[in-house]
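Heads up: the structure comes next, in structure tokens.
By letter and in written order, the chains are A, B, C and D; residue numbering begins at 1 in each of them.
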Amino acid sequence: MTGLIQVRGGRTVAKAVDRPWLLRAASIALVLGLWEWGGTIPVSIAFPKFSETLAAFAGMITDGTFAGAYAETAGPLIVGVSLTAVGGVLAGLVMGLSSRTEWLGLPVFIVLQASPSAAIIPLITFIYGIGFTAKVFAVVLLSAPVIVLNSYRGIANTPRSLLEMGDAFLAGRFKRIVKIVIPAGSGLIFAGLRLGLAQGFTGAVLAELLITPTGVGDLITFYRSVADYPRMFASILSIILVASVSVTLLQRLEQRLFRPEMRPA
Amino acid sequence: MTNRTSPTSEPTVPGGVRNPGDPAVRVVDLAKVFAGGVRALDGVTFDIPRGELTSIIGPSGCGKTTTLKIIAGLLDATSGQVEINGTPVTRPGPDRAFVFQDFALMPWATVLRNAAFGLELRGVPRKEREATAREYVAKVGLSRFEDAYPHQLSGGMRQRVGLARALAVDAEILLMDEPFASVDEQIRRKFQEDLLRLLSEEDKTVIFVTHSIEEAVYVSDQIVIMTRGPSQVSKVVRPGVDHSGGSGHIRRSPAYLDWVERIWAELQGYLET
Amino acid sequence: MELRGYRLPMASSLLVWFALWEVIGRLELVSLIPPFTEVLRAFAEVVPTEDFVEAATITLQAFLIGMALSFAVGIGLGIAMGRNRAIGSLMGMWVNIFESSPLTAVVPALMALLGFGLPTMIVTVFVFSVWVIALDTQVGVERVNPSLIEMGRSFGASRRVLFTRIVLLAALPELLAGIRLGLIRGMKGVVIGQLLIAVVGVGYLFELYSRNFLMPEFWALLIVLFTFAFLASEAVAYFERKVSFYASSR
Amino acid sequence: MTRFWVLATALVLLLAACGGDGDSGDGESGGSVRVALGDIESVETLALFIALDRVRDRGVEVDLTELADEDLANQAVVSGQADVGLGAPYALIEGSDAPLRIFCQLQAARFFVVADKADYPDWQSMNGETFTVHSRGSTTEALAKLVEQEEGIEFGEISYVEGSEVRATALLRGNVKATVLDIPNRNYVMAESPGTFHELPTPETKASDEVIFGNTEWLAANQETVQVLLEEILTVWRSMVDDPAFVQEERERLDLLNDLPAELEEQLLPYYEQGAEEGLFTQDCGSEAAARDDFEFYHEAGQLSGEPGELRVEDFWDLGPAQAAEDALAESGG
């Protein structure tokens, strides 16, 4: 989009370039304008105007639909991600420290991360039924690889000089892990948890779309089944907003918690 | 180095009682072959007199740092032995503290916590270890930076934290691996002064690896010159530079310049072959 | 890890897992998991069937077109973002939004826009993979050592030469990393697209097998998909390793 | 150089954004029909596949898309990406202003509630428990709501698992404790583990379970195609009730569902035999009476807000085409 601006008025871009938020606001306005235009044609009856979606969005906030749905999705998401967080970081730690476990565990997680594991979700119903546990499993399935692999990389790549320093000053095996290896890896471990949450959220939504519709996923399928497309698109918009806002906040927290120097050299 | 006693070579008194004369560290016929089959050391033998600064110099890749790390117990020797005060050692111990070439500071910890880390690992309570650390941080001239983080300091300042950390544990022997390699020339000279002043107050034995001849001659009581890898000891010399007159005077004194030339001549042989 | 001195290749541990899979299958501990040998039998049976070939072609078609689109747009966008700060900050916002949100939720919206045929599959693959490619390319271009560019300019290199000879090559390590991650996400995109919208291609087979509880066939299909995604990304990783020698010393 | 790339990117994004429903404009008259099905080729949908194949044999271009679930098929028809859909779209027709009309009832609702004998001896014990139905807005969901009113109970949670055979397997596996099954799957479950499950009394329903519906503009513009479609459906539906083996013969003749896994082969014939016996397959595309029954059933089940008495059949049904097809078949002695 900016390309066009650049062609039309070189001067306008020069002025705007030093105020990035102006550019961003302009591009958001442009995309929403496109959406509105697409809705007015309409591209298809199932494609609502942005204004209708916004109205539906406001309505869903006031009548508590969003609150109820997100509370229901949050259940399996939080349980699932905290399970993987504890298990994943531990697995990453062990794999980072012992080459035998690394040999055994690493390929499996690399395989899991590269494979379209979403296809397994419909299967989960056969073991865990269609309730809460199935959704927790879906969240774990999708969030585990990124958490484990990041924790492993954080632990396995502790700078050699720090390890030698630990030995030179007689840090025992336990102290070496607690006072040097884990702090050095904590930047990457936290990044892993952040990505794990995003993947977990995808897992939760997928489970709700593929297994039994509850929570946020159900908003999409329910409003689609009664052809209330403004509310369906409002639900999709809410998912994107919630996800990007929470991930950006986590990134800010990560920057503050792990000052630049924290990232291993 | 006024309070230094000149070394005498009386025999070691039986029973290992530390006679001021006997060497603090004895390296006997040390050899090291790395996993890939690279032979780094081929029978290195020398003594480190107690309370003195001995530097190890030699062509690059001659195993200076390897020798130092074996003495520190960070590397195992393939054969040969290192004795500290008469007893053989193979692992790091409280009697030795190491100053790393690349500083090895914890990026997430402040200057004070880094300096106190050696004591922290020994379980010394916080108040006590921070008091000691604060003392040495002041001695290396960084008291205004106690709460700063490593990434906020210059290379030189970071190395001082490494030095403070090594001194704080009050080990008898200080091992320094090219501590001033990553510092520019002007600051380097000042560091050499500070180091000598500091060591005069602390009764330490120092082993100092460097590739700078001027630095070796200026700071050392004894210099171990090593041959090209797989290295042996080519010569052990004692420049005996009189430090009483202040650095400007010393750096121009004929004795100092002669020694620099002699060592240069010795090392040059290895560069050509 | 060494076993009696011989350095075991990393992937060899998968054999242990396959053996474990066989045991779990034989003992029928988990109803979902058939013996691994059953899966191999199904693998031999499923692949040659006409259904599979048709499914594979449909999926591949959507995947390749989608990926081609996201390579072109992703790399172009990434370079523009890397070289020009305004575009960088502007498009950076969009890339981060879509990079961090669950694009699975966008799929139903795509269907309303583009119907349920091939276009939606292609755009799903595109939307899943383009962001990471743009992001990594941008990082690669930004990391190019400015003195390299000045050197190029000092020798009178035109913008195009400067770009192809220096910028693109210097940014290659990150660019290839982005492409590798893009391939994996694109594969996930096409499968999710087929599961959520038109039950066509491999989505249809997954639905047929899971619906009728044909586990050996299901796992065989998953292994086929995974092997394809893994080989594609390993191929790119091979080139990545080739250029990694100058990655850090840029 | 970068300017070119930026322009190209902007162009592509614009194109992708507004899409344009390219494929809805090809309505050249009579010759083609786009069918959206919220299910995959399976034993239940075989009869429909046979009918559609026969329609192709008569020169009409039929392009069928199998979608992930029923409400997607509804959305496809509503948004004009498909001409004809299958399911029970009463809530959709009443809810959205999209011009849709049902023009033939394919299957009547013959459902049976099967529950775990020990856990749920009777309907009262189901109060507050989880009950599993096909999908949101499906006939089975309507049935569940009807039972709630008639028995004065309320389910804890209604959950959705698509496909009678999937629910049957889940029941046998114990992941589901009470659900609605069609005849063949009810018999399958009863046979598989006799004694563990039993049937709960299900209200007698004559409502439609599966109807075929289409976009009014398309119906008006493609009367010949609709006629051919209905003629073939009625012929197949009648032939398979006279002799269920007809389905097997047609399947071989038209070479359909050839990669069907072994276990499903055995279930095929029993499905159509039992269906024919129980009068599952509507023989005359339904009538005004059938529509009225539906209003009653779906209103009771909460899917239709309008009072059954006030709802007008012509707002939901268009029985014209079915009548025309029936007359044509009567003439040709079909």
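FYI, a contact is a pair of C-beta atoms (placed from the backbone, for glycine too) under 8 Å apart; a residue touches a chain by one contact, two chains touch by 3 or more.
Predicted model only: the values in this text are computed from it and were never measured.
Among the inter-chain contacts, the highest number of C-beta pairs connects A-C. The chain with its Cα centroid farthest from the Cα centroid of chain B is D. Chain centres here are Cα averages; for chain A and chain D they lie 37 Å apart. Centroids of chain A and chain C (each the mean of its C-alpha atoms) stand 17 Å apart.
Per-chain CA centroids place chain A at a distance of 50 Å from chain B. Rounded to a whole number, the gap between the C-alpha centres of chain B and chain D is 85 angstrom.
Residues of chain C in contact with at least two other chains: 31, 80, 87, 111-113, 115, 195-196, 207, 213. The residues of chain A that reach two or more other chains are 1-3, 38, 43-44, 46-47, 126-127, 224, listed in rising order.
Applying the touch definition to every pair of chains gives A-B, A-C, A-D, C-D. Against chain A, in their complex, chain B makes its touches with residues 69, 72-74, 92-94, 96-98, 100, 102-104, 106-109, 117-118, 120-122, 149-152, 165, 169. Within the complex formed with chain C, the residues of chain D that make contact are 1-2, 5-6, 8-9, 12-13, 16-19, 21-24, 36, 40-42, 65-68, 72, 75-76, 79, 81, 163, 165-166, 169, 173, 258-259, 261, 263-264. Residues 161-162, 164-172, 175, 179-180, 183-184, 186, 258-265 of chain A are the ones that touch chain B when the two sit in their complex. Of all residues in chain A, those touching chain D in their complex are 1-4, 6-7, 31, 34-35, 37-38, 41, 43-47, 125-131, 212-213, 221-222, 224-228.
Chain A makes touch with chain C in their complex at residues 1-3, 13, 16-17, 20, 23-24, 27, 38, 43-44, 46-47, 99-100, 102-108, 111, 113-116, 118-120, 122-123, 126-127, 198, 201-202, 205-206, 209-210, 216, 220, 224, 229, 232-233, 235-236, 239-240, 243-244, 247-248.
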